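Pasting a structure here, questions to come.
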């Protein structure tokens, strides 16, 4: 397999994606470029826009002005405007299908969105040094540029192989906001899938290490709490206000202080907060965008109930109202033993794989779990594969980067695993 | 006096200012309209742009992009573009001078900026009901539209009188951010002033009530604290972050909890806060824009030192750095008895003044105190006059409004006071 | 007058009281010693025990075990046990009455309780250096030892004078917990009083300074909040607890952060808190004993309502219950001009008075206000006199002490004022 | 084995211990009763008082007054006063030794202290209903009454068996404060031990269930933080204080909010807090007794460093000093496979064992780990055995109780395991 992989093309694609990062539901340019590549490779079917997912099952979709601003950014580049138009209103992502006769139906899911954060300008940061640093107000700080690239690489490898059956590559939008998985799961596109692969690069595994089956997905809930009080002049009438920032700060302090749980790992984060308008006005508005996670669905529920209690009473303590909305949720999931074994065997055949782990924990959350559950509920098998890569900064930080040789390793391991799949009786 | 005041013109001007509110240092359109009115009235000298104030003594000046956006808004209206150009870089405000021979030098200071808040759309809110609600993302929620109008009204009244001496009306920018007073005080334009009047409308005094000398100005300091920690993936590596939002929330809680002081009133407000970027990233940045006040300079200093201590240790507790900047400061001040008496006598002559208070406290802060101190240090007298107005919502709230008959009262009282001033020997 | 005051006796008495401080409602030894002195002086009537006050109107009375322990301490000293027995159950305090024919009814109220705090052992601290430091687990850190002494001194001076009328000296228990004033006011003993004097030593006024009429009494409410959650093993089942200490800490943070009020001074203190039982048990119990104050009754009410709101929601946030009890309350009050003038005239005659203030603020609370209100409601006059004393440490601190020459000054000023009172028609 | 166990005697002993619970280092009566039982059984050697442990290695020893009060309680009962005297100064605990010729040296460690909490008086609570509720201000809320009983039962069973070798039963004091383990480990009494057994009853395992090797001991550190500020009158001079209760509350809030860690379980508890002295004094003192735990020593260190940082900056924020002392620490540990197997085989032979787990996590901390480490470092083997018991309330709660049939099960399983031990070559 490996001799047929065009490593330079992979690196080129990855850098192109890296240079134009687009956050969740704004993957306009990214989707168009993916579709163009699929066309180049030659596929039997392409599914995009409203056909890809159940529009109303999407979560955490930004407002129209925000979407339009990113769509406009994409339009400025030299792209297929008709295709772009099909993606409007945040209907991003694509699915490429190869139909190669009798045989199992196999799917590979990769995610393609970036994070709304600034990228490092440090000279030690390779994308900055080599000129492919982000040109938008976002950053591929979690390696989804590599995921999209590996998805295309596997597609090309399978297209050029003697694979028999049906192969679908799902380029999923909006993973970072846990927003796209459910909408694709509900589309029915995976209902006939016998084997599902998902993957992630990095995760503190070095280049050359492969994890055949990642587990310990944390169930997650993203929430937004909006506090509303009443403003007043902070000098003349401080007592006349109902201070939404005091409510928010009290909530933040107590959210992080939710008791740990004997049954396993939990998480809490108030990741984006704000409030008030001017130094001399008692703040009437404030908000917290945050998340809770749990090693099991029950642990996530525990955190979620405690968080709601904190938010409600922090508001009431300061005579404010609060409305709490759930923006996204994803369950936990497990990789299937049988499929893990096949990936392990495939990895064993790849020379550049220098370390093979059967199992490792994710310790984070992923909405791939919606797809895994859907396939498993219908009798199919699923695994979530880890492709190691040396990354200087941690995931989601300004200096995250991908060690590019891992791109080929990912393509190689997954293609070989797919070609090793047994027929389904 | 009163028979010569054109009340309808005053109302028209005030509504025009109200419809186009501009926050501190962005009073581009407002300044141009003021200058146009001065020209109509006919003045001997006009001072604008770099000539008005000491550029480097301004505080809380917004960044270039922000200034440019507001300048562009002003350009869209039918205005004198050459004049507008002189105001660029946030050099707003104007001074009109009447030179009428021998006699005292008298100054009237009015402020002209709006607040960065949204105005009510409620039908009960007169500006909304009668179609002069704010058309910019700001609001005249503290009556500076009325102040600018009264300033022009007094200018016209004095221009048409037999006043002898020099009369200067200072249309000061950036009072709300305590940003303009010092820069004008340092300009020297007031160094020859014998009598200085400043004024404020409302302050919970009803229409028909006048306060001859307002006191109890709270000394104030506006600060900005920027917290910097380190980001991490909130699910996978929560311990790897240094959480700037936790630092900020701890600070907010403890800022408001600074002990009260036996020597008098103190104030604290965290009026504008924020932090973080995404639900699943441990926040690396956060900020607080806030203010402390004190009934005396010493009380303000007390609050300021305590606040710095809280900010520093809240940061260090969460392993974050913090930088604290002072954006603006204004001292306390007092109205002079002799001038208070003259205003009281003048008010006594005005029929529509139904209630006269010699003295009342402000209970807030004002950078007019810089001008008052400057004049008083050089042997002049100063007073800060309150012109009552029925206002439905409190100052700085979305439903603040001015009862328009108070405009004429303000013009009448101040004009009469100026004309009663004794010669200076 | 002054030549007849036995200064050494005053100093001896004061040191005796100082050596045996007893907190609120435990003034067993103190009361017995006062009664013994009254007998020595010779009075017409003595009121003690259940006759002195309305038992059920007392507040903040300690539990039986606590009272018994202090009673036992008093029994160990060489005292009148029959008298001691009348005081049991915390019915402390006494009133001495001189009946000298026709004339006004005059009352002097002094308080006699100590504070539950440790006294300094520092050599610089005079009571430690000279051997009259507290021998009980309490301390006269607010000068009530001096008050009791001055009360006795004035009683003796009036007894030896040609005073005509009725003179009552009320030795009031439990001022520090705002616990005794109401119960004495309700007793009716003051209902016939024409002139009431109360006094305080120190208050940052130096020896030789006298304040004829102290005002600005802060209205006060003492409260106790008991939080109840549920315990759990902190290592094995942290989530199973409902943490009362977290509730308490959240409340403390937010109590101090109740917004300041434009109408005047407010106060808040969480003066005595606790919770939990062992490091490895999630705390199921916690409490706050605290107080709120306000320059007016309305400001105190404002603080009180805000405090209740904070306490309730801090509890609910951590799934705990809270019960809030009011232990004591006292209103605000004012000194009457006519009586202030008489004290001023009297002080003018006393050579050792080197500085005389007509008026000064207390800036604290006092349940003498119950007595003042009672007398004033029935047409009598009241004033609260300040007797300066150089005190090294502040009131309520471990190094507070009284400069003993001020004892004679207090006796002198008050006796002279009483003898100057006009007849009542 | 089982036929020879006198179940009624075990129940009687356990209820006797339960009725007289004594907290850490105060196990005076408990130790005497244990020694009396050992004498009845007949042992070759008894080690008590200063001979048992390294006095200076004890941690969390209470002060003299506290020890004396408990010693006095023990004296009131009908006990061997000479023996009691050897235990004074908190030198509690005992070791019984059987010397039966050639063979392995085997040790069993049981802990004997109670918790400083009140026991339920509810009729549903068996000790209350059947009259053996605690008669001291403490409670056997963690089953150490059962541990002492099982220790004696195993001692008697081995004494009556054909066991060859040396058998030591260590009745360890002060486990709950992590205070005794290190001092016994350092004594050298276990340095020749080939096989060490420790045990715990309950832990949410039902009666009939046995865990052959418990693991996942959380490393733990108990700390005490003393905050010192400065007092002031809360009404008159609130700003003059340095508020230790505000510092403490800020610390509590932020201690619980220390970020979770990706590497595993962590714990934090502020189990016993307090501060201040009176409602009207700004609190000058406050304290936190708390603990941090971690699944590994490194995780405990992580928590410990973060906790210190929080404590220091919470103090500094409020201008207070803080001193932090470590009262106790215990490491993590593991049970040895070979010994786990022997326990499992023994349990298999006991009819009343209805469920056998090879391994289960503790999820808490234990200073048995000091003994386990000591034995393991010298080449011996150790295991920590769980004996299930139906317990109505959780460990450390007011309604904890032991299902008494589990006493015999514990004796049976451990005796059989000891008799199955292979000779040491």
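Going by the order they are written in, the chains are A, B, C and D; count residues from 1 in each one.
In this text, contacts are C-beta pairs under 8 Å (C-beta built on N, C-alpha and C of every residue); 3 or more make two chains touch, one makes a residue touch a chain.
On a predicted model such as this, the values are computed, not experimentally measured, just so you know.
Under the contact definition, chain A and chain B share the contacting chains C, D. The interface with the greater count of contacting C-beta pairs, when A-C is set against B-C, is A-C. In this assembly, the C-alpha centroid of chain B lies 47 Å from the C-alpha centroid of chain C.
Centroids built from CA atoms put chain C at 67 Å from chain A. Shared interface positions of chain C, defined as residues touching 2 or more other chains, are 236-238, 240, 243, 246, 250, 253-254, 256-257, 259-260, 262, 267, 282, 363.
Chain A contributes residues 115-117, 176-177, 203, 218, 220, 222, 230-238, 240, 243, 245-246, 248-250, 252-253, 256, 267, 269-283, 286, 289-291, 293, 327, 362-365, 394-398 to its touches with chain B in the complex.
Those residues of chain A that touch chain C in the shared complex are 236-241, 243, 246, 250, 253-254, 257, 259-263, 282, 302, 309-310, 313-314, 316-319. Across the complex, chain A meets chain D through its residues 253-254, 256-257, 259-260, 262, 265-268, 363.
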